[in-house]
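Next, two complexes with chain A in common: one pairs it with chain B, the other with chain C.
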Partner chain A sequence: MEPDAAQNPSPSPVPPPISAYYQTRAEHHAVVTSDWLAHAAAAAAAFPGADTADAAPPPSPGGGGVIEEFNFWRRKPEAAEAVAAIMALAAVIRSSRATTMMELEIELKKASDKLKSWDATSISLSAACDLFMRFVTRTSHLEHEKFDAAKSRLIERGEKFGEISLKARKTIAMLSQDFIYDGCTILVHGYSRVVLEVLKLAASNRKLFRVLCTEGRPDRTGLRMSNELAALGIPVKVLIDSAVAYSIDEVDMVFVGADGVVESGGIINMMGTYQIALVAHTMDKPVYVAAESYKFARLYPLDQKDMTPAHRPIDFGVPIPIGVEVETSARDYTPPQYLTLLLTDLGVLTPSVVSDELIQLYL
Partner chain B sequence: MDLRRPPRSSSGGVEPKIRQVGFFTPDASAPSEPMPPAAVVQAPSAQQRPVTASPPASDDFSQGRLSPVMIPPPRHADHLALGPHPPAAADVVLATSAPVRSSPRLDIVSEIGDDDSWSRAPSAVELEENKCGLAEIRNEGAPASIPQKQKTSKAERRAIQEAQRAAKAAAKEADKSGKSAGAAMSKQAKPAKTAQKKDVPQAASTLASEKKATERPPEREKKLDAPHPRMQFDDVHKVEKAKKRAVVNQSEAQNRVELFRHLPQYVHGTQLPDLESKFFQLEPMHPSVYKVGLQYLSGEVSGGNDRCVAMLLAFKEAIKDYTTPTNKTLSRDLTAKISSYVSFLIECRPLSISMGNAIRFLKSRIAKLPHALSESEAKTSLQSDIDRFINEKIVLADKVIVSHAITKVRDNDVLLTYGSSTVVEMILDYAHELGRNFRVVVVDSRPKLEGQGLLRRLVAKGINCTYTHINAISYIMHEVTRVLLGASSILSNGTVYSRVGTASVAMVAHAFGVPVLVCCEAYKFHERVQLDSICANELGDPDVILKIPGKAEDHLKNWADSANLQLLNLTYDATPPDYVSMIITDYGMLPPTSVPVIVREYRKEQLWI
Partner chain C sequence: MPDVQPLVSDFVLKLKRRKVEGSHAVARQTAELLRSVVSQHRMGSSANQAAALADAVRAVGEQLISANPIELAVGNIVRRVLHIIKEEDISSTAVGIEGLSVTVDSDDEYDSEHDDRPALSAAVLAAHARNALRAPSLQTLLEDIPVSPAISGTASSTGDSDGKSKSAGDKSSTRKLKHDVIAAIGDLIDEIDSCYEPISEQAVELIHQNEVILTLGRSRTVKEFLYAAKEKKRSFRVFVAEGAPRYQGHVLAKELVEKGVQTTVITDSAVFAMISRVNMVIIGAHAIMANGGVIAPVGMNMVALAAQRHAVPFVVVAGSHKLCPLYPHNPQVLLNELKSPSDLLDFGEFSDCMNFSTQDGSPLLNVANPTFDYVPPKLVSLFITDTGGHSPSYMYRLIAEYYSADDLVVRRKATS
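On to the complex of A and B.
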């Protein structure tokens, strides 16, 4: 293995920066393979540098604190990244020494900007920060309230966000039961906690259905998903990613999660979602997106290249020949015309309503 | 009781003719009541039949119109026509005075009729010869107006003054139509004048119903100040009425296009010289408004934003020079003034959606002025409101649109734009300033060829450009990565209402899979729904189509002589929302399906009523 690892870096002289978002997700998925071991070693090599970088700004404990707090919450598998961001911002409020809402707002703005720039590729991170800042802005307009009361209310709101996230998943799972019927076959792509919750609730309601999982290279998220589903007693079949078109005729519906829901009503999700949606749309299979409302973001991509690039390492198992390019993007954008419905904690929405909700929220 | 009045008055009319008795009002009314059976017995007489037939005719007339305002004009006009028979008219007047007094509404109606009848005298004679039924109706209505004059001198003076105003308006219309040639032309011109005058009462009644004015003086002023009903052509629910009138309007312009008969089609060549020659005659019009009207007519100021800004600045000047007349409130009189200015501007060129929204904004601000404000304070407040509207809804909105759109311009992009849009030009300039490496394809079309001006400005800034005609758009679209379009308006179903040709560009781009970005300020949004570009549009000068630069020989010089040839110069078209990828507005980037939300949020900001 060592000679192969040594040869791999040379074909790519300038490796693109690895997306921390997908790195964390890979750790959470914890698929133990030889590839994972190699990546774990690389990650371990990278993390001491990150810790050192974090240690560098001790003179400004507030600034460094938000990143440390975020990393602390981020490592918990059951917590979404948005929840980690909200928790970090709540910690900033708690440790803040500001005496007016204006000062607190400015301080939060700096912390929020620092969080967003820490990983520019994470949509839910940006969306959560914007959402919390919007809430803070609206709270600060309530002049009649005292500063201490407002501050404690903000902290309480931030800390309850984790509950909101869990409740959101349960709400979405409840709403989704109307779409799952006995004898249906569901195609899922990627590892999504919300989709897993949906299928778990359907199984506990004693519905009989079958699940087809895509393999989900290079992270092999499908293996993790199939493992969880099999543990619940759900019949599951794993497909290699290119077998979707072959198997689509036995599929009744497609369930996917979303890394972000954008203003056009489309979604940004793990690479391959757009391809599956195109196939399902052509074969007249409905595509349902299960996503929490805090993943709604004020972005409007026009095509795949219109997003901030998010790269991740891909191990093909053999050395890549010199001079060969590798597409390392981790996600794609699915336009709204290929999506049937969005199952969110705000209700079952058509893609065109996403923009309306965002306008209501931010206008 | 109202329905019973006409029959009694008619029967009363019969009685005096036979007996020639009863010169006093109470005496005339008393005999009419106990004599109905006698009138019935005398009905077989040939002379009496027309008189008895008039009550049902008038009833049908009023029911069909559903507007009491429409009754008096023909009656009084007919009375003037019956001048040669003074003794009979005098008898009828005396007989019918009783029912008129009993109803105050009839007084109002008859006064309005009195005003209209003065201006209608010449054309009424023509109508009488053509239609006997209308003459009978006028027999019924003619005597109603005379008692009003005898009653109050103040009302009489007002009527005379307003009749003079109406006469002046009629004279202006006659001059503008420019049809004073030989006998044949004069015959065609008179029906046109009649049609135009007929539109006046309907427009007045429409305005009255819309504004719900309950007081007489402001209502009358508004009606007189709004003689031109062209704005109604923009409403879908007025199309049927417009089509009915279209038949009469055929002589407005030669060789009208059948499909667009419901839209006003006027001869363009004579409008500007006529208006210029009347500069010193348009005393009520403020010079700045007059100047803007001339600019509209000559095409010097065009484009939704430019026209809107020019109009608002002219109104600002007019408000600055405005003084409130005695016995009038500022808000009502100023609103009437603004309405008259708007009518004048509509004459020069129909309003765009942006101008309509701006006018609504201005009128709502006038209506909301506190009563405690002094005149100078109110005027200052209105002027600052206009400045704020221009800065926030147009200037600042354009900057926000540019900041949003610039995120979609990347290096090595090929941007296609159609015609000349101010905000699109700003986007291209800003992208160039940021050092983006992109190329611009300017698509143009006759007859305006607006893209040429844009092309010169872009090349002067050093932007790499390609220029082509709309015919070649499918050939060039394969190398385009983005399409940037402006819009005159966006309707609530997402339809983009813009320069004619925009729909073609958007459809070709959609077929090639190229994203179409429409840049439009939010104040141009409208809650109307429109499915095509036929029921509402603006027709340009058909002669412009014939002029081809560089071509000496003119094959269609006398195209108007051929009845089978019509030239159509459309100004706008409607792009369905399916072909639009994104709408960039000052509230962000939206899918076309979210336009109603923006329209609704605009209402919440209380910028409109």
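On to the complex of A and C.
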């Protein structure tokens, strides 16, 4: 019923609940508007029961702790949501009293399911939980492994995932350098730590290039991105979102990040990515996606409505007339035929490789 | 390596002067040269013989690649040889691990706890050895078994058991590694030489009775492919585009007629006019890129676009030595080579015009003679290699099979 609710908001003044995915992004990107505050307050007021339920002591100490641990980690601005998820699961292992691998797996499964249901709209959260659970399953099948040794190894690997994430970003930045040449113009959309790392490394390698940023309404991510790029000394121009087609002829390539990479090889990213990819594809400009491999998710959307909607508040600056609907989705799905290459820490991949990687992992 | 340096210098000079033409000849000569490098390499006393061997090959490879960056077959063969060295080294390591396990099992003095640890190490090392050959993947994302300490541990463990046998075993295993690498490179050379036969065997399934085939220029792979179809009593016709300005299509047309194939020569500009009568386009390639794109003789992109416009299948036949693990960024500039204008203009006729210039001295008449075209993967219907038919989106799998991911990164880092 959620899609119906999204398409036909009831006349009652209760707004649709704000997606936790969007809240995470807003907090990371330090984007706060008065409208967002109003919506947050309204949401809190509208669901006092839920808040009370969340605040109540959870039935299992380990199970309840996973959410608190995740919230602690995801507030760190440099940590990706996937890193926070895996750190939370590693904390569950650390505090677990299980004495066998089977027990530990069951406990982790419960914690993982709880994390995923906490925010059904976050794809990287879901993908990270699946990846870690898969790793645990494969570890438990290693022969001659003592339980204590296995447990400590799981904790160690989980806690080092933050390093893996940072290393992934550096690997992607290194692989991307060949695609950026002197004199080129790059169009970026959305605020992506990986894309920023790519451009930062290119600038430090003394390459001369120009960046066009989309404005990124209503979050104004383009302003954040252009601010950071200007600080690095990169010439940057901000476009309003509808100016992409107007400016595409001076663009040499498009760089976008990804919230999730789905099994078809397409990506789920900030609203507007699909539109830009369509324009770039028509004008024969390459679209490069910079994404870490732990964002590969076992989803196969066929169109935009196949995804769980992730709502966000939109501040138009003036009141919306009564009876007018507003599309509040925060992201869109870009099919693989509009993407040229995926730049990941596994190497440079064509979109068709994604399903192969996922099959190898989960088969 | 003073012994092979004259060979290397000689080949580098040939590459620089473009004396060796064609991917096949370049690939073969590169493989032969690297085999000499491996043969002449003096195995020092360093702990990791395979790494020293790989470094020697890599040093020579860098010289060859920089001599002619456009000829991608050189880099392909260098990476194949590096992959071969890694494969043989891991095979030796696996054998060593098995020996270690046997030693542990046969020693009755150890108790159960001691038995567990070496077995675990062997299992983990074996798993890591399998993973090392494959490209990084999601499966290994969370695993991080260090390479050098583990292998060093194995070596020292072997040394602890018997110092003298370690010394003897080490020497013989070194010789065996070198011999295995040389034999594997020999297999690679044989594979390069005989790549035409497996490709031609697939001609029967592709070319049917009374079909019309279009090709441009001349490619030996295409020639052998069409010969095989002719020998199987397929009655088909071939349109050969000239392939200006070098007119290699004329050579191919003569060869086909000698074989009894009904042949029509057309100009390059006539391709679009004739494409509607064609059932299939079959071309050779200079290189196949990692994304499924093709570096092919100039004019081929035009043929591919015409074929797509008329829904004609566009088939590329190429040996596996033409698979290149690089991605084409800005392919028209970086992967092209401008040749001498003498192919286009007779100097006697036009040399007067070339004397005129503007005020700043630049000539009024400029001649561009590019060698290659880049055909994007969406225009290619099918690749026929010596391992069978593949779609463009499948090329990454073949490339992951032939090359190590480490070599790709090292190569790129070294050049940049």
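Throughout what follows, the second predicted complex is superposed on the first by the 322 of 363 C-alpha atoms of A that agree within 3 Å, B and C clash if a C-alpha of one lies under 4 Å from a C-alpha of the other, contacts with A are read in each partner's own complex, and residues count from 1 in each chain.
The definition used in the following text is that contacts are C-beta pairs under 8 Å (C-beta built on N, C-alpha and C of every residue); 3 or more make two chains touch, one makes a residue touch a chain.
Not measured: the values here are computed from a predicted model.
Asker: Superposed on chain A, are chain B and chain C clashing or fitting side by side?
Answerer: By the criteria stated at the top, chain C and chain B fit after superposition, with no clash.
Asker: With the two complexes superposed on chain A, say which partner A:S293 touches: chain B (first), chain C (second), both, or neither.
Answerer: A:S293: touches chain C, not chain B.
Asker: Mind working out whether A:D356 is in touch with chain B, chain C, both or neither, as first, second, both or neither?
Answerer: both
Asker: Compare chain B and chain C by how many residues of chain A each one touches, and report the one with more.
Answerer: C
Asker: For A:L302, select first, second, both or neither according to whether it touches chain B, chain C, the two together, or no partner.
Answerer: Touch status of A:L302: first partner only.
Asker: Which partner does A:F179 reach: the first (chain B), the second (chain C), both, or neither?
Answerer: After superposing on A, A:F179 lies in contact with chain C but is clear of chain B.
Asker: Quick one: is A:P235 in contact with chain B, with chain C, with both, or with neither? Answer first, second, both or neither.
Answerer: neither
Asker: Figure out whether A:L346 sits in contact with chain B (first) or chain C (second), or with both, or with neither.
Answerer: Second partner only.
Asker: What is the minimum C-alpha distance, in Å, between chain B and chain C after the two complexes are superposed on chain A?
Answerer: Superposition on chain A places chain B and chain C at a least C-alpha distance of 5 Å.
Asker: So which bits of chain A does chain B touch that chain C touches too?
Answerer: 352, 356, 358, 360
Asker: Can you name the residues of chain A that touch chain B in the complex?
Answerer: Residues 263-265, 298, 300, 302-303, 305-306, 336, 352, 355-356, 358-360, 362-363 of chain A touch chain B in their complex.
Asker: Which bits of chain A are touching chain C when the two form their complex?
Answerer: Touching chain C from chain A are residues 131-132, 135, 138, 142-146, 157-158, 160-161, 164, 174-175, 177-179, 181, 205, 293-294, 296, 340-341, 345-350, 352-353, 356-358, 360-361.
Asker: Spell out the part of chain B that touches chain A in their complex, as residue ranges.
Answerer: Of all residues in chain B, those touching chain A are 408, 410, 482, 515, 517, 581-582, 587-591, 593-594, 597-598, 601.
Asker: Quick check on the complex: what are the chain C residues that touch chain A?
Answerer: These residues of chain C touch chain A: 116, 119-120, 123-124, 135-139, 141-144, 290-292, 327, 329-330, 377, 393-394, 396-397, 405, 408-409, 412-413, 416.
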